[in-house]
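You will see subunit A twice below: alongside subunit B first, and alongside subunit C after that.
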Partner chain A sequence: MVRISRVMLKNAGHAIDKTLSEILVCPLSKQPLRVCEMPKALVSDTIGVSFPIKDGIPCLVPKDGKILEEVGDASKAS
Partner chain B sequence: MALRLISRRFGSRILSYRSSSVASLHSHATSFGFQEVKEEDKSKLVGNVFTNVASSYDIMNDVMSGGLHRLWKERLVGKLSPFAGMKHLDVAGGTGDVAFRIFDAVNSVKHRALRKVDEESLEETQIYVCDINPNMLNVGKQRAAERGLRDNKSLVWVEGDAEALSFDDHSMDGYTIAFGIRNVTHIEKALSEAYRVLKRGGRFLCLELSHVDIPVFKDVYDLYSFKVIPNLGELIAGDRDSYQYLVESVRRFPPQEKFATMIADAGFEKVEYENLVGGVVAIHSAIKL
Partner chain C sequence: MRRINSLYLRIGILKIVVGKPTKQPHTSLASLSFSTSGGYGGGGETQQNNNSSRVKIFDRDLKRRDRAAWLSRNKNDTFVDAVAENLLDRLEDCKKSFPSALCLGGSLGAVQRLLRGRGGIEKLIMMDTSHDMIKSCRDAQHDSVDKSIDTSYLVGDEEFLPIKESSVDLIISSLGLHWTNDLPGSMIQCKLALKPDGLFLAAILGGETLKFVRDAGNLLTRAGFSLPGVDVDEYVVKYKSALDLIEHLRAMGETNGLLQRNKASFLSFCRIFFSILNRETALATAAIYDSMFATEDGTIPATFQVIYMTGWREHSSQPQAKRRGSATVSFTDIQKQFGGQS
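Moving on to the complex of A and B:
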């Protein structure tokens, strides 16, 4: 029981991220988002904007999105 | 015959939208309580209000409404008829009041026994709490942790804007917004976003402070709002101005009938509203068909 819950806790982070990327879309383009591990963010490839995830809470307010400078940045981010 | 009825309905809808709505919508977008502000500033000003009140938000609700807000939220959730496996979006739900109630309703033993719910459906239940203010969300997350729900997959906290939701079209079975829509700069945008994310058959429910018309009671309510509440805000939250904004914003919000029209304009059907406490609070409900 303890072992199972420990595993669940470890996977909770990943599971939540996966759920997030499945249901969340970019608030501006309404297109699917990509999960980026480091730094923790959700990336909207269609318009080249990344939204941070702070304390496990994705911040998808349009004005909080950071524009990814160039193609180089986008590949560095993933 | 049916075609003529429909086209007449559409015709009158377009006419009424053009004439009356534009002026009052614009006035809501540029009003911060009784002050006039620039449209682009309203969001920031409201943000400051909620950042300031976040930590005492729940206790102030209890004090200001004499605990009644709990009953109002119960009624809201009751009207929603939550079911296991549902995808629900609670907008402006920062501290989680409505979300927790929906969670409890779905997971209650009585509910499960009555509806023969299986474990899998329960796990698929997803309640998204969306709020534009991170401080409010943090309070909500903390409350979830206190209830032992910190890592529960059913509750998902998202920071987002009611006017530009980050959820896919036709993805939600239910949408609630409790005491939040009057703080939105462009109500019609929030309503059309609500329409967008709901599935067909999805329910829209809005709980909001509204307008009282009953003669003597109206004066008592006005007195209470403008004399007592800002003082309570000062005493308990140490912030008179935020609560002054809150009571003023209630007066600036469209009355029940007008708001119902706005909801219908967004495309919803079967728009109804129920006044509670003589109109101090109203629950507007609608369905996306």
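Moving on to the complex of A and C:
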């Protein structure tokens, strides 16, 4: 039980933890990622792709990336 | 894609006496090792010549003396644990600590479990292409998982490394990189992700000929690593039957979550075996294999060759080889100076 609450505290209020936020970049463009809190995702604005965060784990494989096709999508993601 | 039809097998020369029969399909492990690079030795000394510069960072002579002790300590470990342990041992040889480390998929679970505080790692980032694999690493309740290390998890691909340049001190990959389609590209990305004077440590399954070691050395150099080092270990694993061996290989592939991704890569690196995709073929060849290669006690020995690669991200503190042809002193001069004996 203590273990679970420690994980929650570490990510309190953030989609990804501090360590990852400092080193993660877009796997395709190598540009910085923007953290989106709702729905939890990491967005690569340079190429317009959003990568999901499943169960607290960022999924940064190219095939998991979703192309943000419309301006509508982009504003939904921010 | 290369179809592996040859029955490559080396009957184990070095056998370890197995104490008790275990439930695991592979029951014993023996290791022969030979280092083809002359570059390892005691710490701090420098060897320089025009073609390569290899600083003796790792004390391999010490390692050889300890190897017998290590083998007897670890004879009940699985093959995967033995490789991870060998890799992690090298951190102790190194007079440096690595506050942040990236652990790439393959047997990353074994690396995390066996780390035991080596290398002075404070932040550990675990990465694999399989979400299930990462989840199971995160959820694993191992007593030996160090809770003082700040561990992060992500799903990522070595070929498209989502790590910022010059951001980690250490990258470690145990039995993972041989699954990538683009090994040189993956290694270049690893080099870029390393901070200056950062270390790249990898173990990959090798082929049967020594020239593969030279290829590994070339890979390291072409990726731009400084002070590259390669050495090879062979592990003879004894299985109760050929089918157990095949299942072990399948399990190694499926655990990585990569069998689905690239059957071609998986096959091309199973140098020990022939077609294993088709169950009927597997059973048939296993039966033949059993009858041909079983030892007196009925077990099937199989040899895995593991290539260990090390490389550093360049840093001004590292010795640099001079450019070819830039020498200002000739050997003749040196001979004259020191009263040369030829």
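As a working rule, the second predicted complex is superposed on the first by the 61 of 78 C-alpha atoms of A that agree within 3 Å, B and C clash if a C-alpha of one lies under 4 Å from a C-alpha of the other, contacts with A are read in each partner's own complex, and residues count from 1 in each chain.
Basically, a contact is a pair of C-beta atoms (placed from the backbone, for glycine too) under 8 Å apart; a residue touches a chain by one contact, two chains touch by 3 or more.
Keep in mind that what you see is a predicted model, and the values were worked out from it rather than measured.
After alignment on the shared subunit A, the placement of subunit B and subunit C results in a clash. In the superposition on chain A, contact is made by A:Pro27 with both subunit B and subunit C. In the superposition on chain A, A:Met38 makes contact with neither subunit B nor subunit C. Touch criterion met: A:Cys59 reaches subunit B and subunit C at once. Subunit A uses residues 19-20, 23-28, 30, 54-62, 64 to touch subunit B in one structure and subunit C in the other. Within the complex formed with subunit B, the residues of subunit A that make contact are 8-9, 12, 15-16, 19-20, 23-28, 30, 33, 54-62, 64. Taken together, the subunit A residues at the contact with subunit C in this complex read 17, 19-20, 22-28, 30, 32, 54-62, 64.
Interface residues of subunit C facing subunit A in the complex, by the touch rule stated above, are 100, 123, 125, 129, 131, 134-135, 138, 150, 152-157, 160-165, 167-168. Only residues 87, 126, 128, 132, 134, 137-138, 141, 151, 153, 156-161, 164-169, 171 of subunit B touch subunit A when the two sit together in their complex.
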